[in-house]
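Which chain is which? They are A, B and C, in the order written, and residues in each are numbered from 1.
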Amino acid sequence: MGKSRSGNYFEDFRMGMRMRHATPRTLTEGDRSLYIGLTGSRAALYTAATNAGLAGLERRPLEDLLVFNTAFGKTVPDISLNAVANLGYSDVRFLAHVYADDTLAVESEVIGLKENSNRKSGVVYVRSTATNQSGLDVLTWIRWVMVHKRDPAAPCAATVIPPLVPVVAPSRLARHLYTASVQDICMTTGVTDLWDDYEVGERIDHCAAMTVNDSDHSIATRLYQNTAKAHFDGFVMASTPGGQRLVYGGHIISICKALSYDGLENALSILAVNGGSHVNPTYAGDTISCATMVLDKLDLASDKIGGLRLRTIGAKNIRGAAEIEFHSLEGGRAEHRSNVVLDLDYTIAIPRIAQ
Amino acid sequence: MGKSRSGNYFEDFRMGMRMRHATPRTLTEGDRSLYIGLTGSRAALYTAATNAGLAGLERRPLEDLLVFNTAFGKTVPDISLNAVANLGYSDVRFLAHVYADDTLAVESEVIGLKENSNRKSGVVYVRSTATNQSGLDVLTWIRWVMVHKRDPAAPCAATVIPPLVPVVAPSRLARHLYTASVQDICMTTGVTDLWDDYEVGERIDHCAAMTVNDSDHSIATRLYQNTAKAHFDGFVMASTPGGQRLVYGGHIISICKALSYDGLENALSILAVNGGSHVNPTYAGDTISCATMVLDKLDLASDKIGGLRLRTIGAKNIRGAAEIEFHSLEGGRAEHRSNVVLDLDYTIAIPRIAQ
Amino acid sequence: MGKSRSGNYFEDFRMGMRMRHATPRTLTEGDRSLYIGLTGSRAALYTAATNAGLAGLERRPLEDLLVFNTAFGKTVPDISLNAVANLGYSDVRFLAHVYADDTLAVESEVIGLKENSNRKSGVVYVRSTATNQSGLDVLTWIRWVMVHKRDPAAPCAATVIPPLVPVVAPSRLARHLYTASVQDICMTTGVTDLWDDYEVGERIDHCAAMTVNDSDHSIATRLYQNTAKAHFDGFVMASTPGGQRLVYGGHIISICKALSYDGLENALSILAVNGGSHVNPTYAGDTISCATMVLDKLDLASDKIGGLRLRTIGAKNIRGAAEIEFHSLEGGRAEHRSNVVLDLDYTIAIPRIAQ
């Protein structure tokens, strides 16, 4: 059985282990179209070449979360093929725009390990970075994931918990992305709300909801070449507690981001994901709604753009976003109802009123 | 709730009100591929660059109904987010071909208003126009839609019913689209039936049928960035009479157009939609068949192309297109069985036998 | 009913009859993206432009089975619209790479005919060839298919059974495809297994499984413009023994090829399909697993690449690929369990260890 692959188990990981994930992936306009078709994204910067031109870009970049999900997918065969659960994200930074025909290569390094006390599994912390064909880093992120052990008796590396920052400091965010009078984006969205018009503590209930179909999440997850079995093997998943395939969490992030267009029309791009968790699983047939709270307003030392730190909570099968409750994040994790599927803390760039 | 958008209600519309819809949209080869994958279109002009070359075009244009559905989708957030039903189309004219990488911007003007006697809703008539990045009008259409009132007691504008033409006169159709010996299209379809071979009153039963899946219509409708809730929010739709999401009517038009390839193989493009109605709703799982009757043959003052005015009726869950009945349109609306989903009156360009 | 098409029935075919199928089809990057989204393909050569560069290609070609399925789809309206079953493939040879924006035209010739003894149907053997816009043959194949008679009493042509080779000889395989040190592909897959590392008789259990959704196979089959009714007309198929639409067999081949990435990571491209049969039908909801056996190692008189003749068996709704049994092909057809859906014999190119 020399060529029957089974992925890495917890005892296979070592601190400092580096992986070049297979294989690089060239993204194209075809991937963009599918991304719109699968998520319903209407984000201005990515919807029209003319919009990107207003923001000072020569070409229309590819959507941030298409890039994130593609890069994430690359890491799955090496890191999370035998995962119990994806536990969290930290320090996700979007460093440069990615354009159609760019080729992304992704590498990861193990930065933390902690065997669980039951010795059946452990938590792996990795720093992953996606680089384009010119060698420019376009995206970097930390995630931690609980991975099965092949053999509970196998010895494991000593515990190392990496330092994790709860929020990406403004000084570490990409600021050089926009060169023009980005306020013109308003002319295309018809909405005048800019950075200056959002208040810390303000809540936005996004008006639309989206039912997830089996093909939607399957096509999306395959597009990202993500091979995690829980998303694809309906026969095996039928005997799990949920009784069916799990929707890939990154698809839920994409849907919530798309739904959040209404109320954040002039958002330009995602600068960082500070943290996030997939609170409960989503299955085909579930309908996703979401609401956003402004956690902070960040001065990016630019007269063109400011940063908004946002918390978006996604929930399923509710009568409307107004039902979503924003519980405190004291202690790092909020208490959530069983219908909450996503709690995401991220930072976007949005134009400021011209000085 | 300052940034929680809820769309326009009937009392928000005023005669002459103009809307620039958010945001322009660049269409690409990726959108074309999805359109083929979602509808099964085989239309010759759009299937191969070499076919378009035979018709005298430098590049392969994007399918007419991809353009229509994309432009239509843009109008939804402003016009029909709170719609009860889309009632009709009129004077839809395809004015110029659209190519991959073209960017469409869409504007609408309110041209008619009529509050319903129950004061709970009203009918809004709009003229919408899509323009490409060079400022060229590529598509214009009238539609009317019944929209809820936010507050039944709210005062509304005085009733204005715009003049509507039942058919687009030949003189108002785009004629300049084809410059070459378009008869060569026959060489690629293997079918010799041209304009001269169709008779007024002739009926064509299209041989294929197509079952609509939930992901099919969801992906299509998202691709068009159409946000009408009835197509996406399965949780809310579960408590409506139909019990599930409605299939976007434009997707049904696309499917019927694709099915009508068999029997109309040499059709070049749609010049106009004279009128149409979504007679009954379609749900996922329904199987669509259609038949076409030739209503008129139009002389377009061209020795290359002629016009065929066609009436295509789509029906669901029948044993074959032969079961479809063509009832008279006396009085503007036909009596239809409950399995009829579409009654469309449109005009196509088709090559004439070379003189 | 002069323009209501019904396709060819068995009695319509004659030996030597040639068909130019409607219409040519231009493939694009959009089709590639959909192919990845629908199948989950990760094949190195097609996943990144940089990978194709390592193999000495100026551009990234389109996936072999996207080309095959597209070309196959073109033949359906003329050959298999009234098919009972697709019986087999032979001498399928991939002759040249196909690139985005290439236009494929497909022609077929009837090379064999055999009426069944019940006189209700017969077997049609065709040789089909796809040619690109420069007139270069890119793909050629034989298939035979059982087709209904319109009229059981109709006279048919005399029986001719064409000679069929069980395997494409190495001398007839395209060898000129790769010009560079293709071993560098290993750097992108992270796997070092090359031609020299595979043994005749070696078995590979591919670790992943894939559940097929209705939209997946519908979108794929429409993308290929394949119009066979059994894949699309759920209303009529509800009264057949299976009770639902059949998944197009070519989609199952694509899924098995995609799943076979794990264990054959450095495979470059398919050179030939020696034979294959769709042993049992697949329906939406079925989960596909597969295993591969190395049947032969072919010397292609190249120091860069060698050939592997592989037999891949796909099965549905099993606990894992290890359950699949490889029965003898004595007498041309293996005995298979009812869960086996595909038995495919094909030849791939894979780099050799540098001399």
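Keep this in mind: contacts are C-beta pairs under 8 Å (C-beta built on N, C-alpha and C of every residue); 3 or more make two chains touch, one makes a residue touch a chain.
If you're wondering where the values come from, they're calculated on a predicted model, not measured in any experiment.
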Copies subunit A, subunit C: same or different interface, half of numbers shared as the threshold? different
Give the rotation angle, in degrees and rounded to the nearest 5, that superposes the C-alpha atoms of subunit B onto those of its identical copy subunit C. 120
For subunit A paired with subunit C, centre-to-centre distance based on mean C-alpha positions, whole Å: 36
Which residue numbers or ranges of subunit C touch two or more of the other chains? 28-31, 33-34, 213-215, 219
Parts of subunit B lying in touch with subunit C, wherever the complex brings them together: 28-34, 36-40, 42, 44, 47-51, 60, 187-191, 193, 198, 202-211, 213-216, 219, 262-265, 285, 287, 317-319, 321
Residues of subunit A touching subunit C in their complex? 1-7, 19-26, 28-31, 33-34, 77-78, 81, 101, 103, 105, 133, 213-216, 218-220, 222-223, 225, 227, 229, 232-236, 245
